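Going by the order they are written in, the chains are A, B, C, D and E; count residues from 1 in each one.
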Amino acid sequence: MPALHPAHATRHRRKSEKKVLRSRHKSIGQPPGSLIHIGEQKVEKTEITAIGYDEKQAVTLSVGNVEECLALKERFKVLWIDVAGLHETGVIEKIGELFGIDPLTLEDILHTGQRPKVEDFERYLYLTLQMLDFNQEHGEVGHEQLSVVVGPGWIITFQERPGDMFDPVRQRIDSPNAKLRKHEADFLAYTLVDAVVDHYFSTLEEIENRIDLLDADLVATFSQESFNALNALKRELIMFRKAVWPLREIIGSISRDDFAVVGDLVEHYFRDVYDHVILVIDTVEVFREIVTSMHETWLAGVNNRMNEIMKFLTMIATIFMPLSFIAGVYGMNFRNMPELNLWWGYYAVLGLMLLIVFGFLKYYRSRKWY
Amino acid sequence: MPALHPAHATRHRRKSEKKVLRSRHKSIGQPPGSLIHIGEQKVEKTEITAIGYDEKQAVTLSVGNVEECLALKERFKVLWIDVAGLHETGVIEKIGELFGIDPLTLEDILHTGQRPKVEDFERYLYLTLQMLDFNQEHGEVGHEQLSVVVGPGWIITFQERPGDMFDPVRQRIDSPNAKLRKHEADFLAYTLVDAVVDHYFSTLEEIENRIDLLDADLVATFSQESFNALNALKRELIMFRKAVWPLREIIGSISRDDFAVVGDLVEHYFRDVYDHVILVIDTVEVFREIVTSMHETWLAGVNNRMNEIMKFLTMIATIFMPLSFIAGVYGMNFRNMPELNLWWGYYAVLGLMLLIVFGFLKYYRSRKWY
Amino acid sequence: MPALHPAHATRHRRKSEKKVLRSRHKSIGQPPGSLIHIGEQKVEKTEITAIGYDEKQAVTLSVGNVEECLALKERFKVLWIDVAGLHETGVIEKIGELFGIDPLTLEDILHTGQRPKVEDFERYLYLTLQMLDFNQEHGEVGHEQLSVVVGPGWIITFQERPGDMFDPVRQRIDSPNAKLRKHEADFLAYTLVDAVVDHYFSTLEEIENRIDLLDADLVATFSQESFNALNALKRELIMFRKAVWPLREIIGSISRDDFAVVGDLVEHYFRDVYDHVILVIDTVEVFREIVTSMHETWLAGVNNRMNEIMKFLTMIATIFMPLSFIAGVYGMNFRNMPELNLWWGYYAVLGLMLLIVFGFLKYYRSRKWY
Amino acid sequence: MPALHPAHATRHRRKSEKKVLRSRHKSIGQPPGSLIHIGEQKVEKTEITAIGYDEKQAVTLSVGNVEECLALKERFKVLWIDVAGLHETGVIEKIGELFGIDPLTLEDILHTGQRPKVEDFERYLYLTLQMLDFNQEHGEVGHEQLSVVVGPGWIITFQERPGDMFDPVRQRIDSPNAKLRKHEADFLAYTLVDAVVDHYFSTLEEIENRIDLLDADLVATFSQESFNALNALKRELIMFRKAVWPLREIIGSISRDDFAVVGDLVEHYFRDVYDHVILVIDTVEVFREIVTSMHETWLAGVNNRMNEIMKFLTMIATIFMPLSFIAGVYGMNFRNMPELNLWWGYYAVLGLMLLIVFGFLKYYRSRKWY
Amino acid sequence: MPALHPAHATRHRRKSEKKVLRSRHKSIGQPPGSLIHIGEQKVEKTEITAIGYDEKQAVTLSVGNVEECLALKERFKVLWIDVAGLHETGVIEKIGELFGIDPLTLEDILHTGQRPKVEDFERYLYLTLQMLDFNQEHGEVGHEQLSVVVGPGWIITFQERPGDMFDPVRQRIDSPNAKLRKHEADFLAYTLVDAVVDHYFSTLEEIENRIDLLDADLVATFSQESFNALNALKRELIMFRKAVWPLREIIGSISRDDFAVVGDLVEHYFRDVYDHVILVIDTVEVFREIVTSMHETWLAGVNNRMNEIMKFLTMIATIFMPLSFIAGVYGMNFRNMPELNLWWGYYAVLGLMLLIVFGFLKYYRSRKWY
């Protein structure tokens, strides 16, 4: 089981990768379409993979030289080029040239930390969204920008580093009689977006598991650590919501508006994705409300504990103060204190003290203090 | 009377059935319309019941083989097929084939935990909503997905398990001169939806009863348990709202838009359901606000109690500290302490102590501490 | 002056009449238009009063047999039938038949606790809203459903029990040259709605009086009772808002849309009512914000008091603990304690103690603790 | 400098003039257009001042008899009649007759405490808004209703009492080559509204000054009085917002819609006022957020103080309790206590005590308690 | 590293420059278009710089006499006049005359503290927005109003003082083959707005750095100072949001609506700025939520600390009170106390005391108090 309160979750929360904002210093005052990579370099070399398929065949190639892509484009009904790693801006620029992609689009691809959006350029559709993944060890949601450019017969995806949730899609492409192979590039775009959105559910499930762990932990300890872990989770939900909220509009727009490269059937499938997006957003809101109510439980528990502590202190103090006082009285050194000379005086005082103890105990019992 | 604070309500809150999200692992990366059941299997065998009726007759049959349904469709003006249990995907697929239902619709039927929605497929109308039920013992609202597919002359309902709120409807179908038998399938759809929505009121009444119980309990104890029970109820209301909120739009759309299979008269009746939906949503909001104000009462009460405890401690401590000090002074062993030799010294000190006690008591009375 | 904190206001808050929801058990699964009264029976016998008038005459009749109404309808330009008491569903049904009222409308009339709404049935307009009244003794707002059915030349009002805010209207009808007698039934409808809305202001004034009483009380006591009374008032405001909020849309719709039975002039008057409705809603919101700020004042006061109590305890305890310690030291029984034999030892110790007391007092004064 | 916490600000807050609602008892059930003054009489006699001007001349007259106004209307290009005092309803009615003002408008003029609104009656435009003024002594915003009726060539303003922010406007009218004299009545209307809105900025500046005073005071004292003054200010902001919020819509409507008596150029100027209204509303919202954050600061400070007090008590108590205990031990009267007879026993105990003191002090220092 | 809690940040927060409102006294009641500077004079003399360029040349001139500008306008394809300093209203008026700028626009330029807006005057476009800059030393965001007037072939910018974020733009103008030199004035306007918006990201990055610093500090100290610094930051975010929120609408409008002086290509570029504006607004909201959650952490920490303190006090007090009581008992002077004479009595009592200590310690350990 992962640690519930890793030190870094509460203290070193914001490694540069976890910043809300990616540093944009380099791009200030630059002309539009200046190709500068904003974000961390996350991979040593940009990896380009091309998958071409039609109903009869499907080929996967690791591309060394970008120019090869153009030839592939002719050979297959659908060509999917996947680019992992964004720091080699020359490569991105070259791809842009070959496929006629607008400089502003290329800039958006390179500026990670984009707000999700869709833009129609007639000859292609540009779509950017966030791939989210929950790291159970750190209790953090990882964000990786995915850019999808869909043209007639081709699709290019840009990721920040290799590794994604598209392996089942690749398997379907490889399987000879997959329905996927009968469709155009727009259907592949739908399939990829659907995989990203379906993965949000996995992420949310893992977040729900964490909520359950924290919920159990919270009630057991009421410690500052469990509060901090809760608060860290809350921030992850804030970032999650920021990443998915715009999809409502974006996917809705794809399924409604008449984009050139998206056919009617695929619009129909995007309506299904739209339902999922709404469900994701609803669920994030519910999680936020649950976390807020856990927060309130924590505060209530701390308040309650304080009450318990003070009750205990008050019981002990109020019982012993009168007793000590009586002992103090008979510890005085007055010459004339008749009680001191009675042979039963000591026993009488002890008896009085016992009476006082029982009196207080009865009183506290009547007030249900113990 | 059900237990107010069942242990599981606060500690083991989230059995898999109470998860906000149903596990969707199996469906990630699958092609659209892949018939995979998402949710728990809640019944051993799928039960299919067919009810056929027209003005003259009404027949209820338990269906063993799905193909029988097609024959029944011809025999009656209206055929209602009720399917309870969703894990036998083969059965669902077969029904889909026989009645020409889109794979995406079938997928939605199988993916429980859907957001309520309505979709018009021209030849049929697809509607999904949540049947809610309050479990007084656990203090929890049970959610069960109901899918309704309405075509010309037939209606198919899919539930997660047998048992529903439609028995009065079945009785009306059985009664020879019920108005219901004079109408088409769309009227039956209205009747079913109306029964589901009317049942929300029952659920809300039971929630209100629980609120009243908790309200009484809260003020009496101010315990952590009553707070937790309140918080658990709050979460149930969050889930309730999530389940009914989309109905506003859905039922409004049915009563307004021109769906092929819904006649004008039934639209008129759906407007009545619409009023009820709005009232349900308003009531949930009011309950949420009441629960929030109970939460505040709890916190205020705990704060107030702390005040009472501290007042009591302060009264006892401030009275006995000076007294013990005086006793301490005359317990000192200085050789030269003239007061000790006075025959009335002891009595004078006791008198002084009494004076101090009365002084403090008067002061506290003047500040209304007791 | 009414009691500020009646026991029932805080503890027995929810008599059946104060429930947010009226029990709807009886109506679940019933066909639409089933005439079942939902709500409490609040009067022994349904009372029907008919008022007929035109410019020349005005007659008030107590109606025994519903059929008489039809005859009256012919005799006067305007006929107003007021029905008080809803449990005799037969009577309501009969009226519905005579005046051609839709079963769904009759159902709405009988189902008290409706959300306010307006519905246009071409041959009549149906309007339902809540008559509100503040009960100073219980600190509660009473809700009574008023249904108004306006046809050409007639108007029927349905109330839950006799007694309303329409007496000034009845007086105006009786006065020979009242402008009211020159107008049609729609003007009477406007006059009745205006009276209901104007009465909201009275209710709000009484709520404001109560807020002022509670405000004074709050600051004086900071007791749990005053907090509870405040919270009870908050709930009344929640219910008040729920009752008036829909009127914004309803009255706006009457004054804007072209309903058959509402003339242009009366639309003009309804715009005036619309202004009042907005003012009522704004005022309720302001009251809610004021009550929230009183809530905060209470909490701040309790926190502050705790500070005062702890300051006092700390002052007493920190002064007497060192003193008692010093007395304790010289109460030790060591054989060799030179100070004990000095003739001025006792006085020196007393002096030291005085110094300590003044030192602490000066310190506390410097920190403004007293 | 004005008192920061005048007694009445917190305790007697709601003199009848400060009520949120003006008493409307008299108007309930009255026919529409009944001229009853709602609000307090604030001036002994209604004062009427007429100012007539055109490019060549400008005359200011105190009007004794309302009928005189009609004659003036003919003499000047623009006639501005200012009525201060609303209790003489006869006078208002007479003016209404002379200038053809609708009874509903007259009613609105007399019912002070109106929500701001604009109404177009073709032959005139009716506009009502609130003149606001900050009373530094009481820390309260004064509200006075201003009604403006603008016709072709004339303008009538109704105020609750004499005194307003229009003196600079009057001076501009008196100055021979003021641009104002070249324009029509609609420009004068704009000028008056602009003066009212500009005065909101003055009021807000004074509120900001008060916020600054309270901010300094708050941090210095954390007293209940400073909290109450803050809360009183919050209520003033609630009322301020209620008074200006509707202007957004109203001024926007004047500058956009085609009202008969407002020319294109003046619409252009009203767009400028519109900017100011938005800025006023934004500023009120910012002030509300600042006051809320001050509220949080107060609460945090009180909590922090409690911490300080408890730390101090704990330090003193935990140091002296062990010391007193040791003294108590050697104050016991057992016959056989060897330490008592050692000649260095007393000094050893004193040394032990010093060690304990230093131990605790070091511990507290290590925890940064002092 | 800058000081985290500069005294002025918490105590002298509101120097006149930090006021939410700029003093508008001078402008009340003035005719529209009165050129009065609202805001502080921030520079001794107004500095005017003219930059003219076309594809072949680029010239930068310091303008002494405003009239020179007109000549420059003829010489270049694009003329950019930058005016720094607004108190010399004569200069502003002169520029207005030369370029045909509406008096209301000039007024807006001079009234600093404007809400951002865009206004289309056909022959020119007027745009005002706030240049924001984070002062790490004071922890404050500096606001400076920028007004941009764009006509055909010319652009005039008005700032409150010299110094801005446009130096990279100036460098691009100076570089012979910059794309910028090929475009019209509208492209320069886009470039300037883009630079302002890009600079918001720098400001937000610095705010994020400060948030991180405060986050670390907060958890380490839980002091009132760190709370105050947090609250001060919250207010800066409130002001930041107020400054950027209107840009959503403004930039959206420029990129959508058909303003005369903005070409299609530049609209395309403004859509890119629009994305950035949305991202800025989203980020500000996320920062606000993070600051709120830090606030909650602070409060939770203070509550938790109080618990720790009280636990410690309770442990010490409850252990020593019984011990001191026992010592007190055997310090009593009764003649007949048999235990005192036992030779092992003293040791037995010490043993009993040890037992009590261990008993309590075990109990506290079992409750996890230490």
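As a working rule, contacts are C-beta pairs under 8 Å (C-beta built on N, C-alpha and C of every residue); 3 or more make two chains touch, one makes a residue touch a chain.
Chain-to-protein mapping (UniProt): A, B, C, D, E = Magnesium transport protein CorA.
This is a predicted model, so every value here is computed, not measured.
At the chain B-chain C interface, residue numbers used by both copies make up under half of all numbers present, so the two copies contact each other through mostly different positions. Think of chain D turning onto chain E: fitted on CA atoms, that turn is 70 degrees, to the nearest 5.
Centre-to-centre separation between chain C and chain E, using Cα means, comes to 43 Å. Taking each chain's centre as the mean of its C-alpha atoms, chain A lies 27 Å from chain E.
For chain C, the set of residues that touch two or more other chains comprises 303, 306, 310, 313, 317, 321, 324, 328, 331-333, 337.
Round the ring, from chain D by way of chain E, the chains line up as D, E, A, B, C. Residues 165-169, 172, 178-180, 190-191, 194-195, 198-199, 201-202, 204-205, 208, 212, 215-216, 219, 268-269, 272, 275, 278-279, 282-283, 286-287, 289-290, 293, 296-297, 300-301, 303-304, 306-307, 310-311, 313-314, 317-318, 321-322, 324-325, 328-329, 331-337 of chain C touch chain D in their complex. Residues of chain B that touch chain A in their complex: 10-11, 13-14, 19-21, 23-25, 27-32, 104, 107-108, 113-115, 117, 223-224, 227-228, 231, 234-235, 238-239, 242, 295, 298-299, 302-303, 305-306, 309-310, 312-313, 316-317, 320-321, 323-324, 327-328, 330-333, 337, 339-346, 349-350.
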